[in-house]
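Structures are listed in the sections that come next.
You will see two complexes here that share chain A, one where it goes with chain B and one where it goes with chain C.
Let's turn to the complex of A and B:
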């Protein structure tokens, strides 16, 4: 398609300008600030040295990624079958639309409200524990709230729509005659799924897991409420520096460290996938 | 008939109130090339898909080798399909696509590689094993789809309009190649098409389908020469369908009685005559020609022959495809002429 050069400038220029003003400039400001000393405003890399040498920050970074990884896995395990069922097993268009609405509606609710909802559900006298005790799975209520597991559950619930919608949109575009061809060539339905459907849906799985992982790494509200202050992820540390300690330069350093390490992880992930696809 | 490879008995498939198949019974012989011919929506694809196992019939049976396979899932049926859009796996190379079937049977790797190479050579695609389907042209993809199916040596190969997406020239070539392949392999082919020329060119027998039923089944010549209904006559080739009255058990056109027996046809019947059977001018002496008077409406020169459109006294137009000759060459527009054909070329069709 040929478009006129002025339209091209406009189409490209507007988003680029937007990104520049609202992302590049603020990020540059933060990156510059991370090299200032809080005490005298002089230039120094001391903030980075502090993070690199203090195990506490490594611990927070590790916990952040660990939680994000578990959230991604849990969302994938729950979300993929859900997306598959909606796409292939729900015949009625009306029912399918209703299911989509049910999946998307929680996104309209504030995550603060939803996190408090989980406080009620996961508490010692909450519905989850009551059910576990009533069904004799456990003798007495177990501690879920304020643990890593509790944070993972709460965040996975928030991230689920992103995975389901991404995977379902890819599954919808897989030509069903490919599945018929696999069956026709002697593949049991399970084999047809493993050899045809799943490999073809990988772009959705990759995109969905990237979205969920990055959103989980930067999530603040849900982990801070569900941790009860007992676990600290990077976003909480950054918030503390900016809002409580008022050490803006160190907060900036933490933010840059989180961004760079997340980018490195994602780059590694994509590299592995690319290798695998070629090999 | 016992001994036929495929027996389809009273097959019905209803979607709600609509019957896609409405009592189809067909027997297919071992090694036969059968074409299912009909316009879109006539049920031919539904029939093919019930043999493959993707459509569950509402009533009736599909038997292969005497065994009812209604409840056998698609992956356990001794049939393979060449899909209309080829349905090649886009994430696999050509060789992996072709090896998909043999792998499911757990064949040893070395043997699979040998078979894949053999089949690719058979369809003229050796050396393409490492490519991906998207790197191939439509005709090449078609060949791979064929290779992927025949590598499994199925008892029956089902082909769903496999040449529909190809251009005319390539289609003609593939028709010849498919026919040759059929002879080489000895596999039974069931071939769905809406193209009557394709069916005539390739099939041993043709089943003409209409509204979920088999309208007529027979060799191409049977169906072309002796159609059993207006629908079949009109669908296969070109036909003049002349509406006639029935008087005293014989056809009559206006005042002229025609030498065709139509007892039991009711008050009206249709006379079918192919354009190429009609000659212009005086009939030769001897034989039993049918002669009609007509007026020339239009005349088109086709090189090897003339195409003449003439009006009968009743106003009905009939087309004649007549080789050059004095009578045709000088028949001017509006001229009164005589048309004739050998009696046995006409066919009486009941309404």
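Let's turn to the complex of A and C:
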């Protein structure tokens, strides 16, 4: 469509102005506030010094990234086969639709509801423990709830649809004739997968793991419900500062620290991948 | 080779079935508990009763937050559509420097931690004097859901035959007529899918709303989140089940309008 320049400026300008006022400026406000002192409102980097020198915050940051990493790995291991199966092995359109509905419905449900489901399942008298005992894997119910493992299970549940949908998007677009050629030339199915399909699907794996990792790092609801207050991740510390302690500047510093360290880790990850791609 | 082929396929199917059970089961558990006659959480449920739903609908504070959530999700979706669709149109049809950067700006709330958006809106609104009001929730949610509208709108516009718009304009249609009579009918499925995504993202959000709520102004997920810290009873299962029913309706609506597979994956 031909749009005259003035209308274009208006049609694009208003939304951009909206995002500037209610998105860029608020993020800027947080960044600025992180250099303020709560006591007298003066300028200082003391909040950053406090985080950098206190092992407690390093511990929370470490736990945040550790959980996010386990979630990403778990979701990849479970999600890739599912994405592969629905893309290549499910022929019936109706079945595919049903499978997609099963994958997307949890995504459309609040993380509260999903964490609540796991709260019931993972408890001492929950179904998971009952099953483990009945199958003789353990003698008596084990503590899963309020442990790191419990948080990882609950978060992996939340993140699985993102990985499946991202990987399936890439798998759909792979030219299957390449795979057929490999098979025709006598490649074993596993070899064909490892040499052809998997390398071509790597962009999906990379994009999916980035989405899952970023979302896991900033997840608040799931860890706070499934930790029972016994484990502390960064988002819970940020929440405390803003909602309980009401120390906005220090909360802002924690938020900036989380944001910057996440971006640094992602940049490092992408750098390593690029090196590998070249070498 | 045949054997290993079918073995591989069987184990793939096995993992996939387990993964699908993993996805569906917690939701089924929540729905199951909401019908139990016991006073405590129990799965499988004992008996069958609607009393927890009745209790929910008799608790005005729960019903009010249901309305707050619906009002917020509808208005945030409308706001994101009114801002996002025109912007998408310009980004798809005009070539100008900085176009890529502006597209990235519209999509960036997607990759930034939602909890940081929540505190940013709270802190900004406190400075500007509208903290913990409906407006703070509204602007926060418009920013939050904008990427979903933008993504599907841009995708539908890029797969669109521009010649039709040009023909309409050559025949004397105004840009407005062209948009409503030619462009919109064709990008409608994508816009509807984007709008449904936007609605649901706002509907289930906790991270932005939790910082901008008051006891009177509270969305249903935040209400549930606060409730769950102190009480765990089957009412919460009934509320949860209601939100699951809403999710299922939204997913089915997307499936009917654009197809769930097309709306959630990207085919080139």
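Here is the rule we use: the second predicted complex is superposed on the first by the 259 of 279 C-alpha atoms of A that agree within 3 Å, B and C clash if a C-alpha of one lies under 4 Å from a C-alpha of the other, contacts with A are read in each partner's own complex, and residues count from 1 in each chain.
To be clear about the criterion, contacts are C-beta pairs under 8 Å (C-beta built on N, C-alpha and C of every residue); 3 or more make two chains touch, one makes a residue touch a chain.
Note that the coordinates shown come from a computational prediction; the quantities given were computed from them, not determined experimentally.
In the superposed model, A:11 lies in contact with chain C only, and not with chain B.
Touch counts on chain A: comparing chain C and chain B, the chain ahead is C.
When the two structures are aligned on the shared chain, A:258 is found in touch with chain C, with no touch to chain B.
Of the two partner chains, chain C is the only one touched by A:19; chain B is not. With both structures placed on the common chain, the touch criterion links A:85 to chain C but leaves chain B unconnected. When both complexes are overlaid on chain A, the residue A:188 reaches chain B and chain C alike. In the superposed pair of complexes, A:244 makes contact with neither chain B nor chain C.
Of the two partner chains, chain C is the only one touched by A:161; chain B is not. Look at A:178: by the touch rule set out above, it reaches chain B but stays clear of chain C. When the two complexes are laid over each other on chain A, chain A has residues 188-189 in contact with both chain B and chain C.
The touching residues of chain A, counted against chain C in their complex, run 1-4, 7-8, 11-12, 14-16, 18-19, 22-23, 25-27, 29-30, 33, 78-79, 81-82, 84-86, 89, 96-97, 99-106, 108-114, 116-121, 127, 157, 160-161, 164-165, 168-169, 172-173, 188-190, 211, 214, 217-218, 220-221, 225, 235, 238-239, 242-243, 248, 251-252, 255, 258-259, 262. Looking at the complex, you find that chain C touches chain A at residues 1, 4-5, 8-9, 12-13, 15-16, 18-20, 22-27, 29-30, 33, 41, 43, 83-84, 86-87, 89-91, 93-94, 102, 105-106, 109, 111-117, 119-124, 126-127, 139-140, 142-143, 146, 162, 165-166, 169, 175, 178-179, 183, 200, 203-207, 210-211, 220-221, 224-225, 228, 232, 236-237, 240, 243-244, 246-248, 250-252, 254-255, 259-261, 264-268.
Chain contact summary for the complex, chain A toward chain B: residues 175, 177-178, 180-189, 191-192, 195-196, 199-200.
Residues of chain B touching chain A in their complex: 52-54, 73-76, 79-81, 83-85, 87-91, 100-101, 104-105, 148-149, 152.
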